[in-house]
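Some structures are shown below for you to check.
Next come two complexes, and both contain subunit A; in the first it sits with subunit B, in the second with subunit C.
Showing the complex of A and B:
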């Protein structure tokens, strides 16, 4: 009994936060599930909600643009997170050994992480500009045909946006992995060296397995965030040219808040929520692993 | 001797690669900074002019012609409001979840983190409808409330981890000395958790300052933030890249400085507490 009282004694401390979440997070989600069963368009003068059952969800599966957006989202995650992991690991390994200047480089890598994403997007939009952009100019100097610029051509637009994400977030992966490498004790490597392991072997068989937990956390943080990608699509391409850079977030946004087709937008956002939920589950398992590894 | 030479060759290759990588990461930053102090003519010249005589005309121009100060005030108000609300809600909640010894506490903490993982657009659509209904669209409060949903979860998660790393003995000692729970929290736990609080505060502030999507939908003409202002001025005021860059520098400077001053805290926040330097 005394323990129960002690336990309840702290409950009021969490109550404001929990009530806040209930009211401003869970209630909106419940409301979103509710309206996903209705046809509800704000541009409709009567603003009537008509019950349509699962029609909005069925529409999502037959909607060509939604399928393209879902595919692009996945493609984006695979490319961006893949490149960030490989490049981040390479940078971390290079910065791990104390050479003159590495501290300075490490400090400079922090800059992209703090920058306002919409400003980053606009800077890249200018750099990519087909006529006056610096990147386009140097690509042309290299003899490449840039056409309407890297983001103006359907074949390269998605990759050009991936580069923006790689630019901003590779340093995060690098700094996380570097912290992981730094925490590894030198004894292990000395032991491996005594056993005749080469530098590469030490990396593959000692450093990398030890890095696994933090690598998984880095990967999953990035995966979640790339699924939320919005700013650069909105500010640089608007989802185009055609639908070549349309991603789920942006398409849902457009459907709900530009065309005001709320029921359909809610249905799609619930599907996205389920997709993210699956990844979140994986993330929690990874955190559990990190806990046991510590 | 050969080992030494091989080492030197490896160093040379590493430096070359690092130089390339650094070039890639610095290019947009350098472009932004240099373009903001360039005359329009040179901002659009082909081939690109990198170094020119620095001028402050662009800054003067945007301060005179674009409501930058108003945007700045709005960004600051919203970021400060979100930081205060998220900490006020999240710090006690994190303390409760750290000092309550039950499985439920851990599960609540994970649920909080799950909400943070949700894509903002999924909450934004129903939230927009609710705010529209109660007539709060276009107010600071609407943005602060929804940003606080995402940030309170983060603060709770972060602070729970931090309080867990503090030994409870000191607080118990204070309790047996006749302190109330609140007294023990204020006098013992809180002073010890300043680094955790700093992480939570600067990270929340930066997230709010850098946010674009929520203000895009929830602010009105008088409450627009800098992130919206910079995009809007591109189209409304027909300004060139040189002027855009000037607003861009004004936008990123506060968070860049904050990030550098409080570097380790900032990184801990970005990695959800997974990295402690």
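Showing the complex of A and C:
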């Protein structure tokens, strides 16, 4: 009883955070779930809000554009987050050694992070332009046929956008992992060295397992972010050519905020939420198994 | 009776404190209106002329400039939420049907009839009333009208002995003849979405096609439309390689930088073609009406913007005063100089105006016969444009045949009409 009273006494201190969660996270999600069961189009002259049960969800599964967008989103996440993790880890390991100029490089790594994603997208749009873009120019100089340009060809457009994401967000992953590496005790590595572990073995068997919590956080942050990909698709390709760069968030935006089909947009948003949840669970499971195996 | 003097003073002081802010707030609500406008060239004119209106009338106009998509989203949110965040909105011609049918805008017809003489009603091109006009009522007032024209590099065409094309056959021949190495005969928007859909619609028009049939239902996959899409897709061979990703800014840049020799676009772009600070081909370009396919009639596309009053605006009278002022014959020369486009016959026949904007003579000819419905101003139009934006893009990037693309577009469009 005394414990309960003590806990209730702490409630006022947590109340602001709880209220914040309630109004800015739980309520919108609950409302989104609610309207996903209705046919509700804001520009419908009748303004009718008709209950349709699961029809919006069934529509999403039979909607070719949504299915393609979901596949593109998953492919984008696998490619972008995978490359960012590998590159980020490599950069973090390189910067973990104190050499002349390392501090300057660490500072410079912050530069892409300070730019607004839409600005980055517009700059890359110009760089990729098949006719006057710098990227296309150098690809042509290398003897490559760029055709309609990296974002103009259906076969390369998605990968071109992955490059934009990798350019901007690899430094974030690198800095997070670098912070993790810097916090590891030197004693552990000295002990491993005394046991005869090579540099690679020290990294694989000591540094990497210790990095696991930070790696999970980095993967989660980037996965959620990449599933929300919007700016570069909106500013560079508009989802084209054809369906090649259509992703879930862009399609949801168009449905909800261009055509104001709020019920269907809400249903697709909820499916995106489920997809992110599945990826998160998969990460925890995979990383957990990695730890058990070791 | 000396006691009452301090009491009166206190009473006056209290009344002053209470009434002054009230009076000021009343004055402010009467004298301030909010206008949200598209970030087109004319928005500069609205922003710069609003202070003059305030000096003359005491009504302050706060002008907010937004991109096309943001303006639409903001306006719909305002109308649906009935927040009256803005009193005035600029209205794209293709939004007219949706905004009118949903009663988002105040019906201006009674005010126009009342002030018919003051607004010089008959001076406005009859076709231009399509900007904001819907089923016999006027929901927004024409502000800046655009004519769809063929812009061409006169210098290069003359050097190559190519005449401005009058027919589609001449057009195709000219495009091929003008293409040499890194110089291209034509440039078109190919980016997925509105850019490629709208540029294809010009080609649909010159081939004699239409988006709707006589019953008002979609007719996207007619023989004429398939022919127009085949032509449109073929012409990308003679356009800059990146044109399949181009939107309006890229297309204009290709023309102004002298890379492309011809383009079809709105007349509002012409002043940038002639501006040496923005164009490498300043002084070398001209415009003409669109070519036409054999057997088809010459068509003159009309686009542009009107200005309408939010039905929930508490400042309808002040907003109407602003509309009358900014569209008045007296203000128009200044409006045009600051980036606006004409709506009146007097604007396109005034020698002083024509001296400054000589291409207005061609624009006036276009307005006399203009077709403001080649992009149907119906509620379903944004969806139809989106469908075409995808299917046309699939056709020009070789992922679908023109016939298959338009068959698919037709099937999707029919669903919008419950068919």
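As a working rule, the second predicted complex is superposed on the first by the 248 of 294 C-alpha atoms of A that agree within 3 Å, B and C clash if a C-alpha of one lies under 4 Å from a C-alpha of the other, contacts with A are read in each partner's own complex, and residues count from 1 in each chain.
To be clear about the criterion, a residue touches a chain if its C-beta (ideal position, glycine included) is under 8 Å from a C-beta of that chain, and two chains touch if they have at least 3 such contacts.
Please read these numbers as outputs of a predicted model, since none were measured by experiment.
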Exercise. Between subunit B (first) and subunit C (second), which does A:188 come into contact with in this model arrangement: first, second, both, or neither?
Worked result: neither
Exercise. Does subunit B (first) or subunit C (second) touch A:238, or do both, or does neither?
Worked result: second
Exercise. Of the partners subunit B and subunit C, which touch A:32 in the superposed model: first, second, both, neither?
Worked result: first
Exercise. Once the shared chain is lined up, is A:78 touching subunit B (first), subunit C (second), both, or neither of them?
Worked result: neither
For this session: Pick one for A:43: touches subunit B only (first), subunit C only (second), both, or neither.
Result: second
For this session: Give one of first, second, both or neither to describe whether A:257 is in contact with subunit B, with subunit C, with both, or with none.
Result: both
Exercise. Does subunit A have more residues touched by subunit B or by subunit C?
Worked result: B
Exercise. Just subunit B (first), just subunit C (second), both, or neither: which does A:54 touch?
Worked result: neither
Exercise. Just subunit B (first), just subunit C (second), both, or neither: which does A:86 touch?
Worked result: neither
Problem set entry | Overlapping contact positions on subunit A, where the subunit C interface meets the subunit B interface | 131, 257
For this session: Flag every residue of subunit A that touches subunit C in the complex, lowest number first.
Result: 42-43, 45, 47, 65, 129-131, 133, 136, 146-149, 151-152, 154, 237-243, 254, 257-260
Exercise. Which residues of subunit B touch subunit A in the complex?
Worked result: 11, 14-15, 17-18, 21-22, 24-29, 31-32, 35, 44-48, 88-90, 92-93, 95-97, 99-102, 108, 110, 112-115, 117-130, 145-146, 148-149, 152-153, 156, 181, 206, 209-210, 212-213, 216-217, 226-227, 230-231, 234, 241, 244-245, 248, 251-252, 255-256, 258-260, 263, 266-267, 270-272, 274-277
Exercise. Hey, which residues of subunit A end up touching subunit B in the complex?
Worked result: 7, 9-11, 13-14, 16-18, 20-21, 24-25, 27-29, 31-32, 35, 87, 90-91, 94-95, 99, 101-102, 105, 107-120, 122-124, 126-127, 131-132, 134, 137, 167, 170-172, 175-176, 179-180, 214, 217-218, 221, 224, 227-228, 230-231, 234-235, 248-249, 252-253, 256-257, 262, 265-266, 269-270, 272-273, 276-277, 279-280, 283-284, 290
Problem set entry | In the complex with subunit A, residue positions of subunit C that touch it | 69, 72-73, 76, 80, 98, 101-103, 190-193, 195, 240-245, 247, 250, 254, 259, 379, 382-383, 386, 389-390, 393-394, 397, 399-400
